[in-house]
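Order as written gives the chain letters A, B, C and D; numbering starts at 1 within each chain.
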Amino acid sequence: MDYSALLAELAAEVRPLLGQGRVADYIPLLARADPSRFGLAMADLEGGLCGTGDDQESFSIQSISKVFALALTLPHLGEPLWRRVGKEPSGNPFNSLVQLEYERGLPRNPFINAGALVVTDALLSLTGDACGTVLAFLRAQAGPGQVAVDEDIAESEWQHRDRNAALAHFMKSFGNLHNPVDEVLRHYFRQCAIRMNCRQLARAGLFLANHGLCPDGRRLLTRSQAKQINAIMLTCGTYDAAGEFAYRVGLPCKSGVGGGILAIIPNRMALATWSPGLDAQGNSLAGLAVLDHFTTRTGLSIF
Amino acid sequence: MDYSALLAELAAEVRPLLGQGRVADYIPLLARADPSRFGLAMADLEGGLCGTGDDQESFSIQSISKVFALALTLPHLGEPLWRRVGKEPSGNPFNSLVQLEYERGLPRNPFINAGALVVTDALLSLTGDACGTVLAFLRAQAGPGQVAVDEDIAESEWQHRDRNAALAHFMKSFGNLHNPVDEVLRHYFRQCAIRMNCRQLARAGLFLANHGLCPDGRRLLTRSQAKQINAIMLTCGTYDAAGEFAYRVGLPCKSGVGGGILAIIPNRMALATWSPGLDAQGNSLAGLAVLDHFTTRTGLSIF
Amino acid sequence: MDYSALLAELAAEVRPLLGQGRVADYIPLLARADPSRFGLAMADLEGGLCGTGDDQESFSIQSISKVFALALTLPHLGEPLWRRVGKEPSGNPFNSLVQLEYERGLPRNPFINAGALVVTDALLSLTGDACGTVLAFLRAQAGPGQVAVDEDIAESEWQHRDRNAALAHFMKSFGNLHNPVDEVLRHYFRQCAIRMNCRQLARAGLFLANHGLCPDGRRLLTRSQAKQINAIMLTCGTYDAAGEFAYRVGLPCKSGVGGGILAIIPNRMALATWSPGLDAQGNSLAGLAVLDHFTTRTGLSIF
Amino acid sequence: MDYSALLAELAAEVRPLLGQGRVADYIPLLARADPSRFGLAMADLEGGLCGTGDDQESFSIQSISKVFALALTLPHLGEPLWRRVGKEPSGNPFNSLVQLEYERGLPRNPFINAGALVVTDALLSLTGDACGTVLAFLRAQAGPGQVAVDEDIAESEWQHRDRNAALAHFMKSFGNLHNPVDEVLRHYFRQCAIRMNCRQLARAGLFLANHGLCPDGRRLLTRSQAKQINAIMLTCGTYDAAGEFAYRVGLPCKSGVGGGILAIIPNRMALATWSPGLDAQGNSLAGLAVLDHFTTRTGLSIF
């Protein structure tokens, strides 16, 4: 199939949605994003790479970085990681403290903020530089172009860190954070502030479609670990809309409030889309729509 | 592949688990189940049907009936059904009232008890006989052998109905139950008390592997509705262990406290397994293990 | 002090509030109450009795009956009663299920609905007729005039019983209700549907101002038990406004959604007021105001 | 009555309890307290002052400081303070985050940690030195002897600040903390780390028994504000045991994990007791017992 043409067609279909939704505004720098932008790219296991729209414009990947941090931590720790963070959906908003209190500091999964902070803390303990490790991996995998931390956004997140600081201190009070709170937060915010474009993101995510094997031949994850991460993406990757994504898109996805979404089609390809207008659950409005259309058109849903 | 031989091999692999776990004991009749029993069967889209062990012994399908009630209700109501019950994972035990209170009587999904009661209520309004409708469908689809309500179990559930009666009255107080509470409960308990065997269950679930088309050519669901139900099974079908099932088994599954599990491999087949010993989450210990081995051996996980 | 004149003065002061607030409307019969009515009465330990306004018009005492049910149950069971119901404030709405779930069916105190159902259940076990026991006590204590169950209101409560039925079934599922749910509910609704007037209510509550000794010389409670009930009235007697009552009125009070409030001044007197217009917390608007003015004018607050 | 003899008698009665209970051990310095110590003192409105046991040995007042911080803040802010912190009992542990999340950063009352942090923040905004203001007041009121911050304990609290830091950051994220989190915490920990003895504490609390008027003639609070604080002490002053205190002691009390309790008898006197062994709710075991005996013997309960 000529995916290049298909992507362009699908982009045209969702054009009416551009400018709708709400741009993330909890930090001023994100609020400046232009809601009319839209990019879409795919990378497949045969080395194919194509895209449409603003697919070469870099954006803040935000929570999508949690996938990579997890993938870089899991091989080192293995199953014991799951004693510090669960792998079940939460049924609560992504930054809620309620579940964390009832379950004594153990986050439900690695994609809610609390769980991602635990993963960053673990990666920091393992490597001494959590954000640097994520960044180095993305640079190695992403192909041409820059991949960099947007330090202004990282600093702005730090200025508005209270909710995440509350989560971190709370887990620390239960002994589930090993490094100093402020240090973990700095790495976490810098990791979330990484900028890259849709083409780069699709390439960087390809190892999840390939059972843990990177395009350059490096084995990052075992088959079983790749399956674990895909499963967690499907059940927990899109905030409080995992159910809706599962039945509309039917693919493991991870979204970020910057408007990006990474979607995995096991054995085949990775898709990346970006559009800053968000729906009420914090997922890209046009991104969800274009992925929905994609699986409807191609029948490539996993269900 | 000769699935018949494979099933027998897998059954041998999980034999050491038989007798472990805990038989459901919240009603006396279920507590009498023999934890050493084990059955496994598969039905495929080409008409193949095979099984091993106690695959022709009938058992109480319990919560697995929720899948069929949903599949028989959704085509009539369509999207408006989702205004009465959500499709997101709950993050709370299957019979919890907390979420129901915070969300004003709207259950998170159709597979927690509260949500299943809403579905039964809707089916009752639509047909005048919710349990009878489920039973007629199962009899038509299941192939040879008896499919019947175990009235002793239904009566015993009724005697121990307090938790479910609390859920039902609570939803009724929010206007989210339209028929009298006791009538809905009676239909619900009888529907859960249906007995059938693994072979029958695999056949009856085949329409979910075939995008909504039953083996007899009847279209029960649209493609999109079949996808919805598979997605909800994956994210919510196994109580508080959906995440663990997703990454160990990687298939849409629905379990019951009688020890049964129905698993769907889209485009290919349905599997049914039964063994009464349950793990801490209420899922069949040997059932989970055998499905895990199956997807590991065949590579037929959706991830 | 000439309390008769004072009561009339205070009644005049709160007149502008009459007609404000919201009449309870969760059952149709209560919704018909006239929000412009207002009664106030006091009975003191010297045998004094006076009142003003509609102090001789009977009204539905609703939750105020919980005080009498408790006072009639506590002497029989003593401390073991507190193993079935707590005596701490709840911090949740009076009919919430959340606390009940987290504390495994043990209500926080005897004045939230769940706790009152446990008390009625205990009184039913002790006497065979919970409502009849409360009624007989009130008739014996209240002095002239009728005290009777308004059977229409009791029936209407039964028709709208879902929230209370949920609480009752939920506690039953934890073994904290010993009689059949429907029987407990019937007694509870009839007890709440008792009608009497302010003068009668003030007289009937006098034993709480007199350390457990009734005007007719009967010792209902020990000193310590009377102190217990006063303390629970102060900390839990006015739904989610106990703190506000404590600092504005500074007396043990119990309110009902019919618009009545019973207030106790230990060692001195009991006050009863009635006005159907309720504030957002479900307490009588004019009733709270008149008690506030009373303690401000007389300095008879306990603080 | 010769209170001096009575206090000695009561002290003898509770002697068997000394050494029981558990000393607070969440910070190492508090864990060193000697559970066999016991002090009791009273100060009355006529200028009487007496005590028994270790009544002149200073201890860490901890949460009792919250009463003084509140009393020094309320006159400046008046009713608007209650828009930042409630005055209702919480029904949750003193350092819980759950209520805070459901009520969007508004603590239920000024005596749970979250509420006390808001009061300290407000006092800091008003005076530029929250702890210094509390300390100056205590020194002025307490009479002979030293009143000082135990800087080692304050530092140790700071080292173990994670739970309180979580509360503070969480409220800050809702805009309900105006000063920098770390600054508020430092003032809060130092204020809690003030050491004084029972005699000093009884004298310093006397204004609450005297409708807001200090022994030196200074009017700290209006009558109504003094009543507010007494009411909040009764309903919220002893962690999750306010109900039990209300009915056993029947006085407004505020306890601290250092083992101190301040109790107010309106119009008469203030009592202070200290003994480090705590019960399961975190209140001094011997302290609760001695206050219980005191009101039983004297009949001076407010109920």
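Keep in mind that, in the parts below, a residue touches a chain if its C-beta (ideal position, glycine included) is under 8 Å from a C-beta of that chain, and two chains touch if they have at least 3 such contacts.
Computed from a predicted model, the values in this text were never measured in an experiment.
For the pair subunit B and subunit C, there is no chain touching both partners.
Subunit D has its Cα centroid 55 Å from the Cα centroid of subunit B. Inter-chain centre distance (subunit C to subunit D, centres taken as mean C-alpha positions): 32 Å. Residue numbers of subunit D whose C-beta contacts span two or more other chains: none are found. Taken chain by chain, the contacts form a single closed ring in which each chain touches exactly two others. On the side of subunit C, the complex with subunit B involves touching residues 96-98, 100-102, 161-163, 165-170, 172-173, 181. Of all residues in subunit A, those touching subunit B in their complex are 86-92, 99, 108-109, 226-228, 230-232, 234-236, 240-244, 246-247, 250, 252, 266, 301-303.
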